[in-house]
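Both complexes below contain chain A, partnered by chain B and then by chain C.
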Partner chain A sequence: HIPPRTERMAVDQDWSSVYPTAATFKPGSVPLPVRMGYPVKRGVPPAKEGNLELMKIPNFLHLTPPAIKKHCAALKDFCTEWPSALDSDEKCEQHFPIEIETIDYISSGTSIRNPKARVVTLRVKLSNLNLDDHAKKKLIKLVGERYCKDTDMLTITTDRCPLRRQNYDYGIHLLTVLYHESWKTETWESEKAEEDMEEYIWENSRSQKNALDTLIRIKASENVSNVTKEELLASEVVKDYRNSVVALKNEGETENNMSRYKESVKKLLNIQ
Partner chain B sequence: LEHGFALHAAAKDCFSSLASQDAQTLPEKPRAVFYTSESDPAKHTGHHEGRHYSIPLEELKVVFPQGLPPRFQQQIKTFNEAFVMVRKPALELFTYLKSSNFAHPAVRYVIYGEKGTGKTMTLCHVVHFCARQGWLVLHVPDAHLWVKNCKELLQSSYNKDRLDQPLEASSWLKNFKTSNERFLKEIKTQKKYVWGKQESTEEGRPLGEVVEQGLTRVKNASDAVGVVLRELKQQSQLGSFRLLVAVDGVNALWGRTTLKKEDKSPVSPEELTLVYNLRKMMRNDWNGGAIVTTLSQTGSLFKPSSAYLPQELLGKEGFDALDPFVPIPVPNYSPREFESCYSYYLDRKWLQHEKAHTEDGKEELRVPGG
Partner chain C sequence: MAAGALMGVLAPYGGCGWSCASPSGPQGVGGGEKMAAGWLCRRLCQGSAFPVSYASRILQNQCFFQNSNLVGVRLAGSQANTEGPKTNPLVSISDEPETLYKRVSLLVKGHDKAVLDSYEYFAVLAAKELGISVEKVHNPPKTVERFTLLKSVHIYKKHRVQYEMRTHYLCLELKYLTSSTAAVYLEYVQRNLPEGVAMEVKKTKIEKIPEHIREPIWDTLPQVEETEVKS
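Presenting the complex of A and B:
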């Protein structure tokens, strides 16, 4: 019987001619002693000859680095030069803060159209937009899920129009409307309650009330009256207490936060 | 495998920081390592840290008719004596209590920590200290018992929106009476309380009468508890006695209940008379005492088992109500405390496994599963 092709392959052969396109795994063409599968009865994984597991899975033998280099060389004729002034990511972001992402699809078939090609994704960092505190909070509330807090990135994906150009225009329109609406303040926004707040604000909170009440009672027991709220709020112990409560509520509870809170309460209530 | 299992069973007892043993076995090691004869908690200092002290059984019946952890009670029955380990969180609380200014509003202390680290035992140590010092101790052993598994719910006669719990209230009154007999004779009511058409307690009668009323007429028990709490709060400011409010599982007061009204709608905690009155005690608008509480996840309702930090267990409402409080963390046994507990169990012949004496056995006990 004829020996498989692997035994006649040179070590420095051109691999992209063995696997020029995506193809199934052919054990006789791949000169690697690959094993795959479950080792039955304390045995070893089965060899590559007639191995259905290796044939089922998708393989990337057609996309080795030299093959990719050849693809790039072929595509280079269709490309233009990257502008030399934009040599770092920061410069790109500074000059072009909005990133548009579109995908083109090619397939071998009767038609070149693909309905998935009309999807347009707009990405922009909120730090590049001119927003003040209220506008930023309102924008984040308006967009909801589309904002990522860790990367400060707003992502708008549009596909409601049939053409890519229309979707792109709609995306830009959405961004403009969001920006302008977040700068406006409606009358009903004054009804914002404590539950709607994004972060904990100590001023006018229950914690401030409790602390001031306690301090006033302590002072009353020592026969010191006429201490105004402003004086108490400006004192060091109250400021320290305020910072520790804000840290506790905003950052969650950690060992550090709890011990800071403990120290500040001890100072506030004058416990040794 | 077998060795591991037996040692683990003993390790579980050891590690749940129930450091109580009995003292009747042959002293194999110098007992000073784990035992101190100082039985007055007021005299416990850092010097005694890690050592066990004993509470006489008669005192136990008076001071703790309720409130000791069930495992500990089993241990007391087995060893026939109660030994408690002196640990740093309790000593810290003693310094605060000893140096606190009773003219200032009552300070709230919240003992928190992971499961099984000794929060309830620390609270019991503090209760014993205050009882020895002559304070009036208002001990609620487990606030969770008041918000779940209640067999009878009556509509309160005092306030139609609230619900009474006669069984829980009367059992608490009974235990309260046992631990504070002498105070109940001395403290007098400050106003007249009308219980029904013909029953009333006049002004100036001893508080014991209110308690009796609650015990005999179980229907009024919850209101009797409310009256007792109110009187104590008002009178502790006069300075004739010190009041310690000790509540275990205080996070039950601001959580949810599993109780349902007759129309199957859920009951929220403030609709229960007992919880409502206890919440009023938790406020710091009175002076002349202290409030020491623990957070407890075991027995809590609708809280994940990994929750142990104050904000997680108390929720926003509870935290705002108790703020500003002094948090007291209780960690697991330190190596020295572990040594002490280990030698104590050996001394009591509780660790029966033959390998328990060896170094390997000790390591296995110290690190469960290790």
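Presenting the complex of A and C:
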């Protein structure tokens, strides 16, 4: 019978012409003494001729390094360079603040469609949007769970439309609506109570009233001429006290904050 | 006569960009060559890239030899040599700005770890050759789905058989790709995906803030009543 092709193959042949595309393993075309399979008792794994295991497994004989290099050299013309000005994440963030994440799914099966592929996630840092203080607080209240305070990132995930393009447009629409609504001030917003405030504001709070009352009574008992509220507010000790109270309420109780509060109270009440 | 020899050489390689180079005088030949070069955009075109580029490269060498003997005849090959690096006629550049992908994450799932390892070598080498920076390559832990069934068709509850399906994962994270490069790399890598292996590609696109979110429009609107709300 005819000897297999392997015996006529030169050592320095061009392998990419033997296996140019993905093909099953042909024992007569691969000049390697490969053995695969479970060995018989006191024997060796079966040889490559007629070996089903070798034929079943996907082989990468068509993707040897020289073949990959040839393919990439031909494909290199179609690639474009990344702009060199955007070489770090911070610069990307500064020039292109919005990040859009989409996922594609590839698998073998009867259908190439995957319903999960229409999900679009939009991420933006609020510091990059043009928002003032009130607008930012209102936006955070409107958005609720989708805002992460630690990274200052707003994440909008849309999948209510059947197509990815529609979901992307809907996400951008949501962002636009949120932005413009947060700049509007409704009439009922003036009824915002102290419980709704996100951070502690010292002006017009009980702490300010108590401190001022105490100071006025101290001054009255020392029989000094009536100092006005504005003078008291502008004085150094009261400012110091205000800063320490605000820091305590907003940042929590740390060693630093507590010691600052102690110092400011001592200065306020003039005790050593 | 050299041009005739050139045409003889051209005939077997029918499908390349030199087909417009007919011996209609130097001007015609020059014009034809400029036309092919001027038609430049950067989009991946369908059609077999490999045989054509090989053919046109072989053509280059042969043109060069014949050209050296004859001074007066202007051949298409000679003009390409003096122009600089050869421009691929399949490449087309369009004016629209490229979308930028900050990160492209490939998650490859398969039942056989050896296949995934070979695929990893292939994908990493391809990325390196195309100039794409690979940020991280790691193997998330495999998930095993096991279930227990009755061994027999009827009764024999105490004798069961257990099956399991192992899914191995491979995660490749690439950084900073343009849309053309991403399209090229993903198509190459997906065409060579082995049978029985699945892939999920997560692309993170970066964009500027759209025009309508730059400024709040309430300032620019004319004074309308409160009830009319525009978004």
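One rule holds in what follows: the second predicted complex is superposed on the first by the 187 of 272 C-alpha atoms of A that agree within 3 Å, B and C clash if a C-alpha of one lies under 4 Å from a C-alpha of the other, contacts with A are read in each partner's own complex, and residues count from 1 in each chain.
Convention: a contact is a pair of C-beta atoms (placed from the backbone, for glycine too) under 8 Å apart; a residue touches a chain by one contact, two chains touch by 3 or more.
Quick caveat: nothing in here was measured; it's all calculated off a predicted structure.
Once chain A of one complex is fitted onto chain A of the other, the partner contacts of A:Val265 are limited to chain B, with no touch recorded for chain C.
Of the two partners, chain B and chain C, it is C that touches more residues of chain A.
In the overlay built on the shared chain, the residue A:Glu222 is in contact with chain B alone; chain C does not reach it. Once chain A of one complex is fitted onto chain A of the other, the partner contacts of A:Ala211 are limited to chain B, with no touch recorded for chain C. Contacts of A:Gln166 after superposition on the shared chain: neither chain B nor chain C is touched.
In the superposed pair of complexes, A:Ser235 makes contact with neither chain B nor chain C.
By the touch criterion defined above, A:Asn51 lies against neither chain B nor chain C after alignment on the C-alpha atoms of chain A.
Legend: residue contacts after superposition of the two complexes on their common chain; A:Ser29 is shown touching neither chain B nor chain C. Chain A contributes residues 22, 57-58, 60, 62-63, 65, 68-83, 86-87, 89, 92, 95-108, 124, 128-130, 135, 172, 175-177, 179-181, 183-184 to its touches with chain C in the complex.
Those residues of chain C lying in contact with chain A across their complex are 42-44, 49-50, 53, 88, 90-91, 98, 100, 102, 112, 114-115, 118-119, 122, 125-126, 129-131, 176-178, 180-181, 184-185, 188, 190, 192-210, 212-218, 231.
In the complex of the two chains, the chain B residues touching chain A come out as 95-96, 99-101, 103-105, 107, 284-285, 287, 309-312, 320, 323-329. Of all residues in chain A, only 205-207, 210-211, 213-214, 217-218, 221-222, 241, 245, 248-249, 252-253, 258, 261-262, 265-266, 268-272 touch chain B in the complex they form.
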